[in-house]
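Below you'll find the structure, written out as structure tokens, and then a few comments.
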Amino acid sequence: MSSGKQTLIVYLVIGLMIGFGLGFITPGLIPETQVDQVAVIQARGTLIVGTEAGFPPYEMYNTTSGEYYGFDIDIAQLIADDLGVDLVIEDMAFDTLVAACKAGTVDMIAAAMFLTADRAKELAFSVPYFISNEVMVVNGSNALEIDNLADLVGQDVGVQTGTVEHDEIQAEIDDGTAIILHTYASVAQMFIDLNSGILDAVYIDEPVYDVYAELYILRTIYKVAAPATVLYCRWNNPGLLTVIDDVITTAFADGTMTTLVETWFG
Amino acid sequence: MTGSGNIHGFTLLQYGLVSYFDELAQSFLITMELYIVGLVLGFSIGLTFAIMRQYGGRIFSRIATAYIEVIRGTPLITQVLIIYALPVAINMSGIASLPLDWYYYYLDSQGRIAITLNWPILSSMIGLGINSAAYQAEYLRGAFASITTGQLQAATSIGMTRWQSIRHVVLPQGLRRAIPAWSNEAAYLPKYTVVAIWVGVMEFLNMAKTVVAKTFLSVEVYLIVALTFFVLITLVSRFLEYIHNRTKIPGV
Amino acid sequence: MSIVLDVREVWKAYGNLEVLKGVTFDVGEKEVKVVFGPSGSGKSTLLRCINMLNPPDKGEIYLKGKSLMEEGVDLNSMRSRIGMVFQQFNLFSHLKALENVTIGPQKVLGMEKEDAINRAHIALNQVHMMEWIDHYPAQLSGGQQQRIGIARALAMDPDVILFDEPTSALDPELIGEVLQVMLDIAQAGTTMIVVTHEMGFARAVASEMFFMDEGVIVESGTPNHFFTTPENERVKQFLHRLEVLYGGQNTEE
Amino acid sequence: MQERDFSSLLAFIITAGLPATLLLTVAGLGMGFLIGLALALIRVYAEDEIAVIAQAYENVFRGIPVLVLMLLFLVMTGWPALFSAGLALGLRSGAYQSQIMRGAILSVNENQVTAAYALGMDRMQTARFIVLPQAFRLALPGWSNEYAVVTKDTAWAGAIGVLDMVKSVDYLIFENPILYLPAILAVTIIYFVLTYPITRYAGEKMTKRLSSLGLGGNY
């Protein structure tokens, strides 16, 4: 092969890479128009909700019936009912949820997702529907005690990729604390690894810890209030956001929310 | 695509992806570590099985064939997960309590711990090694098989033992002949190091996911990852081609 | 007698190597022309030039008065009127014997399947291969394959068939059956150009023979002329070598 | 919570995870076939300038981990994970199948083309009736290999949320962590059952059959 042809190939390859990248970014250069997402959803007949279904008791998968269930699923169902459409759950890795919602794969995220400034820049968020804590979990036999995250020096800590807990540990590492971070897509695998000794600690939402505490002998060594839990949807469809907010407010007003919280967290 | 009306193409600079360069570079070292150890391990195991399959007699040849077929017939992901889960299962069953939170590290320029080896990384390396071994064994065996029996007979005729003739006649010729096909396997192995993400190793793609989780620049970051792997594989491929051309022997 | 093929001053070179240096001859209807000569003399190239598989550099070739060298000639339809039988048979390996013969009439001449099969049956009968039509080429002997190759050419009902050393890749005991078929179709009135060293065949059916050497026709004449009074020294030597190789039968009579 | 024994575990993996695995395999292979065939024809028959584009396509899609491709398509297209995974597998398999087809086309004996031209066939007819039918047969062992590769690579789709066999293990181990290892072993065995018989059949029987047809190996 001549060197001229080789150069040509190199240019073409780079061109292809940039080309198929730009091809998808370009739509972002066009000013966004407001979309009546409610009409789209009602025409389609389904509300597509993104979640990560390995997060009890918020969202789980029933291996017998093949259905998704949990606190968030029930709330999503309330919204689907209000819209008069069927609920469709798209289960995906937690760290891809925001991108998937932005790209339009899902209409809404219901994944025990906390409200953060970074996420709010990307997606529109509902009124809070739940408040919980973040807890650092160790094995029952582990004598480790900490006062703050900086005391975790030299510890193997597991988090789910893309969670606020992940952010906090990463920020702690960036500040110079020598924490050994393990990131997981699957919370179930994370607890198995905690149990088998690969991890020293797991940093996770308190309600999830409560569920796993029934399976394993666990202990919390650190607790901090978590940001509010909200639902997310795209910015450019105020109609859908209004419906979501209305459903949550109504659920608080008529006692539905209290029942749900008691059912799943009681 | 945000409410504040950002032009997506410029967010790359605005968010300062550049500030994650250190983390990404460090995780890239893990990827390279996985690649090199996997390749070397794969070559050692692969060479052993190639010799066993070609010259091992009935039993050893059967064993080698079974190994190669089973590994080639199952996904790398489950292979790594099985290796990873073996001691985990032992610990969970309560039979023994294997220490799995050991690690080797060095301190980087900011004094942060940079992990070089722990159980997730080691199990990924072993997984990559035994997987690659099956493919490398097939390429090596193909090269050995292409050496005529005349060469072996000639070796026997001057009184060499079977092992001597393999060591001094088959290997020098066979390894050289295997280079083109072997290079292909060697050049494309970096792609498969991302399997380590399944067991939580902070390799390149996993760090990229962490950056995405903070910046939400998913398209940009994944494009950078894609481009990095593409450039890496192209460079390795070119390098091996260059080595091959430099070490040619006429008639071999 | 009308001229079927007219070859005028054909030149062909591969790079610096001149293979054909002005070859001129013609073939009349129902004539059999035999070309022979040492290897590398350009015999095969001549055949490949005639059906434009390797177009000549210069010269003229006319098939029934129509030039093959003109610009804009539909070469494919001209080729379909020139049959070719190859040294290595070149049967289509993925097709059974019958399909090898029908594919030309069906796909090139656009015939209906039944018509193509009828025509193929006639051709296959001529080469005595009807029993073997369901076999793949790899299941046939070389002689049988070559007979299918001849049938494939015959089924196109071409104006002329070119034979490129049709028996030289065959084991000696298989040559006879192929030569017999070639004799039969020659006697049935097929126009043929045959590159061969089978002098017995040449003597039996050739209307004219050409001796080629170094890209030119050195000598031409009837079989009788060659076997009794060849003029050129190279021809004499070549015929003598054939005699040594294949025995004295060539110069009997 | 539900306690599971090995057979009900196997039943769950098969009912919940296997359909996506099979669907992705079929989609990836099918799409890859069309792309691969087109690219191979371009590389063999088209002008050099265009053939280089096909080559660049191959290099790009062979040089990127399939999981990265899946993630890229997921965040770019806004399609469900299953589609993104299928697209990634198909585009990538196209690059590999192009190489398989190109090798097969090039190993069709030159004699066959000469004979076809001598019969009066044009380029298109020769490609369609002579070269491609033989090339498809010659490509069979390569394809059986690619089938195994695509089948195994569907496992990556679990990482972007497709409920395949590997992902189904995630759901199981929440309720039955002790089944972690058995479940992965079961998935591995199912993959082996899916791939091995076909590659073995194609690898041995098909090669023998091909050489009995005088195709492959002889030339």
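We just call them A, B, C and D in the order they show up, numbering each chain from 1.
We adopt the following convention: a residue touches a chain if its C-beta (ideal position, glycine included) is under 8 Å from a C-beta of that chain, and two chains touch if they have at least 3 such contacts.
The structure presented is a predicted model; accordingly, all values stated were derived computationally and were not measured.
Student: Suppose you hop from chain A to any chain it touches, then on again the same way; how many hops at least until you reach chain B?
Tutor: When the steps are counted carefully, the minimum from chain A to chain B is 1.
Student: Using mean Cα positions, find the chain sitting nearest the overall protein centre.
Tutor: D
Student: Report which of A-D and C-D is connected by more C-beta pairs in contact.
Tutor: Output for the comparison: A-D.
Student: If we define chain centres by averaging CA atoms, which chain lands farthest from chain B? Would you check?
Tutor: Following the centroid criterion, the farthest chain would be C.
Student: For chain A and chain D, what's the span in angstrom between their mean Cα positions?
Tutor: Going by mean C-alpha positions, chain A sits 33 Å from chain D.
Student: For chain C and chain D, what's the span in angstrom between their mean Cα positions?
Tutor: 46
Student: How many angstrom lie between the centres of chain B and chain C, each centre taken as the mean Cα position?
Tutor: Going by mean C-alpha positions, chain B sits 59 Å from chain C.
Student: CA centre of chain A versus CA centre of chain C: separation in Å?
Tutor: That gives a centre separation of 78 Å.
Student: Can you tell me which residues of chain C touch two or more of the remaining chains?
Tutor: none
Student: For chain A, jot down the residues that touch at least 2 other chains.
Tutor: 13, 17, 24, 96, 99, 102, 185, 192, 195
Student: Going by the touch rule set out above, which residues of chain B reach two or more other chains?
Tutor: Within chain B, residues 88-89, 92, 197-198, 218-219, 223, 226, 230 contact more than one other chain.
Student: Determine which chains touch and list them pairwise.
Tutor: Here the touching chain pairs work out to A-B, A-D, B-D, C-D.
Student: Give the list of chain A residues in touch with chain B in this complex.
Tutor: For this pair, the touching residues of chain A are 13, 17, 21-22, 24-25, 28-29, 31-32, 95-96, 98-99, 102, 118-119, 121-122, 124, 154, 156, 158, 161-163, 166-167, 170, 173, 176, 178-185, 190, 192-193, 195-200, 235-236.
Student: Which residues, counting only chain A, touch chain D once they are in their complex?
Tutor: Those residues of chain A that touch chain D are 5, 8-9, 12-13, 16-17, 24, 52-54, 56, 60-61, 63-64, 66, 90-93, 96, 99-100, 102-105, 185-189, 191-192, 195, 215-216.
Student: Using the touch definition up top, name the residues of chain B that touch chain D in the complex.
Tutor: 69-70, 72-79, 81-82, 85-86, 88-89, 92-93, 188, 191-192, 194, 197-198, 205, 218-219, 222-223, 225-226, 229-230, 233-234
Student: Show which residues of chain C lie in contact with chain D when the two form their complex.
Tutor: Those in contact with chain D are residues 51, 53, 76-84, 86, 88, 90-94, 103-104, 107-108, 136-139, 152, 156.
Student: Which positions of chain D touch chain B when the two form their complex?
Tutor: Per the stated touch rule, the residues are 59-60, 62-69, 71-72, 75-76, 148, 152-153, 155-156, 158-159, 166, 177-178, 180-181, 184-185, 187-188, 191-192, 195-196, 199-200.
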